[in-house]
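Both of the next two complexes hold chain A, though its partner changes from chain B to chain C.
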Partner chain A sequence: MTLTGGVDIGSTTAKCVLVEDGRVVGKSLAPVGVDIVRDADHAFDEALLDAHRGREEVAFIVGTGYGRFKIRFGQLVVTEISCHARGASHLFPGTRLVLDIGGQDTKVIRVSERGEVEDFAMNDKCAAGTGRFLDVCANALGFDVAEIGPVSLTARRPVKVTSTCTVFAESEVTSHLSRGKEPPDILAGLHASIASRSLSLMQRVGVVPEVTFTGGVSRNEGMVRALAQRVGLPVNVSPLSQFIGALGAALLGQERAAGAGA
Partner chain B sequence: MITAGLDIGSGLTKGVLVEDGVRLLPARSVPTRGNPAEAGRQVLGLLVEEANLLPGEVDYLCTTGFGRYTFPDRDLQVSDITASARGAVFLFPGSRHVLDVGSQSTRAISVSETGRVLRFKMNERCAAGAGRFLERCAKYLQVPLESLGERAAAAEHPKLISSVCAVLAETEIINHIADGVPVSEILMGVFVSLAQRAHTLMRYVGITPEVTLVGGLVHNSGAVTALERTIGLRVNVSGDAHYAAAIGAAVLAHRRLVKTSIAPAAAEA
Partner chain C sequence: MSETVPRNTAPSPPRAAGEGSRGFLEEGRKLQRDLVEEYYRNLATAKERGQPVAYMLVGGNLTEIVRSFGYEVVFPEIIGLNCAIKHASLDNIVHAESMGYGLDVCGYVKNDIGLQDLGGSTPFGKVPRPDLLVCSFSGCYIYVKWWEALAESYGAPMTTFDVPYMRSDRPWREDVDYMVSQLWEFVHYLEKATDHSFDMDALRKVLAESRRAEEGWVKWLDAGRLRPSPIEAYFEAIFYMFPINVLRGTARAGDFYDVVNAEVERRVRDGTNPVPEEKFRVLVEGVPPYTHYRTFWDYFRRWGAVSVVATYPKVGGLFDRGFLHDPSRPFESIAEYSLGAYVNQSWEQRRRIIADYVDQYSADAVVIHGIKSCRSFTAGQGDLRDWLIHERNVPTLYVESDHEDPRYFSPAQMRNRLDAFFEALEQRRAAGSLAPGAGR
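And then the complex of A and B:
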């Protein structure tokens, strides 16, 4: 009975998962502000509360994500690439390709049968095709980003969005709106545009089934559908898809704790 | 002979009247607000009123900018690059390199002595290095656009922004603010980032002095200073350079008018 924790500090949200004997026993999700140190602490406490456990019971803690170096507790720091590969393979053992779309970057990871990273590619230079792209465009349409998935599914004639740059896409969305296009049609166009960008990134490492979609943007059903259509393959999405990095971290912690005990 | 130049941009629509191709009459601008044809009509109305002319007294009208095809009463339309180059040489006859920083795109243009475009390079797929990058950064820093230059002037050490993306820069700026970096230093870092992007484009076409800056950035002293430091050359700046493309369009309208009115006479002779 080993309890381990994984803390994933992303650009937008902090996630924590507690795992015991390969099973998730607690989790938390909270926005990240300017005080990352405090946000990491808070995420960990919330997950402990969720699991009804105490800090002293956690045998091993692994940190990951964009803000991983600001976590002041824990025994190990691992890149989010390794954690996503590990977490996705745990939930969907057939996973060979992971697409992770987070708040500020997009990653594709090709993984082995054992959940090890074989190759990866990422875009972290620009907001195009990331959660921020959707966030900015959703706001331009007067929606919260959490609402746009279901709305986009009601599209009848998806609009083509040609801008790559988030700033230009925001203007493009506004001009589609002023020309009388319907918000669901514009949203469907935005999702299709991100799906195309994701596919190009995926082609850099090779598109191999099964594809598992992770990160905050994978919570968006419209995006999941657009991606499956564009890639031409079914896409695995877990209800825990936003927690995959933290889950992978906690699972790597399980291995470390077992190794240390042996 | 009165000719008009209308530069219908994505942010502002600018217009000028030019007399005989050499004398600048007042210039005016209005926000385009997604209605380029209407913005063009408004500016033309203001110009004619200001110059005490009747609408029929404008002999020839040339449009430029992204909305140049939307304005129905034009006699001629030219690309923004052609117009900016011509306008820069009108304002500073020694110009051999023109940097035009617009709201959505930045262009580096090398020009001949007569104001013809020799080579150019533009960034059009991404807002990095364009006016919109600056506008967004100003918004994150909560500094009004018109006082950007003034606020940055106090900076001793620019705090560099590593992200070129106008959207991702927000996170970086927020982190700088959280770390207690003064706004003036962040702002100067934003200008340096903009200047570096411009410099890349400029080097692509080759930098030959004199360098003339045109477009909306000319009113921003901080950006001009950062640009001069980055490229290591003095940069020609004038208040009218905001209207360079409109001026260029009016000058080209005059040239065309002279050519077309002389041609039939020559044929008769």
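And then the complex of A and C:
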């Protein structure tokens, strides 16, 4: 009975998952502020509370995400690329391609049957096609980002969004509004635009089933549908999809703890 | 897999050869620094000495011919890289942009135009105005435009060479003849410009010095075949390529490679290698991010990764592929050397060269660094990556920033990609699935 933790500090949120014998026993999610050290601590404490466990019971902690080097209490840091591959393969063992769309980052990962990273590609230094892109456009349309997925599914005549830049896309949204386009149609266009960019990135490493969609944007059902349509394949999504990086980290911690005889 | 970090403090990379931390391997690096300083001192006083100055491009350059006429040679690309490594390029680039050069224009061009317009002072010294602009390579179209801008700015004459593209292992006879005819035309032009007669013996002497330096440089690079590698064929070679590119044709260059080859022998004897524990042998393709050069190097050293071979140090000449200057065949060997420049090779040729290097140097993986500045060198690197992965089963990573413009380097993203790549290599090695053709 080994309890391990995975802490994923992303650009937007901090996630922590506690795993015992391959099962998730606690988790937490909170926004990231300016004090990453404190945010990591807080995420860990919240997950412990969720699991009704104490810090001293955790045998091994793995940090991941862009803020991984700021996690003061871990034993190991691993990139989120390895962690997403591991987490996605655990939840969906048939996974061969992972698409992760986070706050400022989109990554695609080809994984082997054993869950190893075979190849990966990431977006360039640009937030187009990421969660931030949707945040900005949702604000321009007067929606909360959590609302836009369901609203986009009510579209009747989706518009075409051509801008590849987040800032210019916002201007394009405003332009569509001024021409009388309906918000659901604009949102559907935005989702289709992200799906198209994601497919392009996926093609760099090769599109193979099964495809597993992870990261905060995978909670958006409009995005899931747009992606499945564009890729032409069913897309795995888990209720834990936002936690998959932290889950993968905790699972890697299980392997390390086992290797260390913990 | 991955790096173990006690209490989550990121590990510092081990000190490497050439850093001087242990007092070993300093001689070559120190001599290289001295040569750079001496070169800039000479440049600053060239006009006082009455020595004419020729600007030239590195790839397939015609140093030997202009030196035989007494010219001092300036390579604005190398000036640009020196500015970048000293964090002085951005001011020049921004100045060029204020002059109207667009965001997407090559960083070399903008650094040079900005530098010249700001008075020509670099962290190393002042660069003299050109008396002659020799556009020695035509494969990159922007080179011609860059030289035209300088020619107009200085009112200096400009000569352009038409270098046929290489699509075979050895140059075609017709292409060599075509180049030789242009070289003679150039010689006649220089005779008029300098009012000196061409001296074949003087050229042969310069070529003999070049040949000596080239053989020394090839010997140094060949040491990357050893396991563990006693040299860093990318990050260290960036320093050690200065004499072969800038001082070729002088005794200084040949002497330098004698020193560094003796240094390699000491490293092998003493077991003092660039990476104390060599874990990954990497081939690196592409121009380095000079603006973040040490940061980029650290991302390799953390993983025990050493570049055992690299294509970038070959841009001054593919000497190891037989394109050596030959005093007994002066014009033909200069023509062949120019045609065989790495930047003048077709993609089919570049793929073949890289595949050969992977085998010859027992490389585990390839890292390609593309630069936003140069589409002509970088376009095709995505296909190269796919070819290496799918056709040669060589793990390959493509990353991108710039060699001159620091605004394109994102440390967190760059490190993330390299960490993930080496994590994956570690996984594959543990699982026994690293390509059998790759080094063990």
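One rule holds for everything that comes next: the second predicted complex is superposed on the first by the 260 of 262 C-alpha atoms of A that agree within 3 Å, B and C clash if a C-alpha of one lies under 4 Å from a C-alpha of the other, contacts with A are read in each partner's own complex, and residues count from 1 in each chain.
The rule is simple: contacts are C-beta pairs under 8 Å (C-beta built on N, C-alpha and C of every residue); 3 or more make two chains touch, one makes a residue touch a chain.
Keep in mind that what you see is a predicted model, and the values were worked out from it rather than measured.
In the three-chain model built by superposing on chain A, chain B clashes with chain C. Counting the residues of chain A that each partner touches, chain B and chain C differ, and the larger count belongs to C. By the document's definition of touching, of the two partners only chain B reaches A:D35; chain C does not.
By the touch criterion defined above, A:G74 lies against chain C but remains apart from chain B after alignment on the C-alpha atoms of chain A. In the superposition on chain A, A:E118 makes contact with chain C only, not with chain B. When the shared chain is aligned, chain B comes close enough to touch A:C165, but chain C does not. In the superposition on chain A, A:S196 makes contact with neither chain B nor chain C. When the two complexes are superposed via chain A, 94-102 is the only one of 58-66, 76-84, 94-102 or 220-228 in chain C with C-alpha atoms clashing against chain B.
Taken together, the two complexes place residues 125 of chain A in contact with chain B and also with chain C.
Across the interface of their complex, chain B is touched by residues 11, 34-35, 104, 125-127, 132-133, 136, 164-168, 171, 174-175, 178 of chain A. The touching residues of chain B, when paired with chain A in their complex, are 10, 34, 104, 125-128, 132-133, 136, 163-168, 171, 174-175, 177-178.
Every residue of chain C that touches chain A in the complex is listed here, in rising order: 1-8, 10, 382, 389, 400, 408, 410, 412-413, 416-417, 419-420, 423-424, 427-428, 431, 433. Listing the residues of chain A that touch chain C in their complex gives 63, 66, 68-69, 71-82, 112, 114, 116-120, 122, 124-125, 204, 252.
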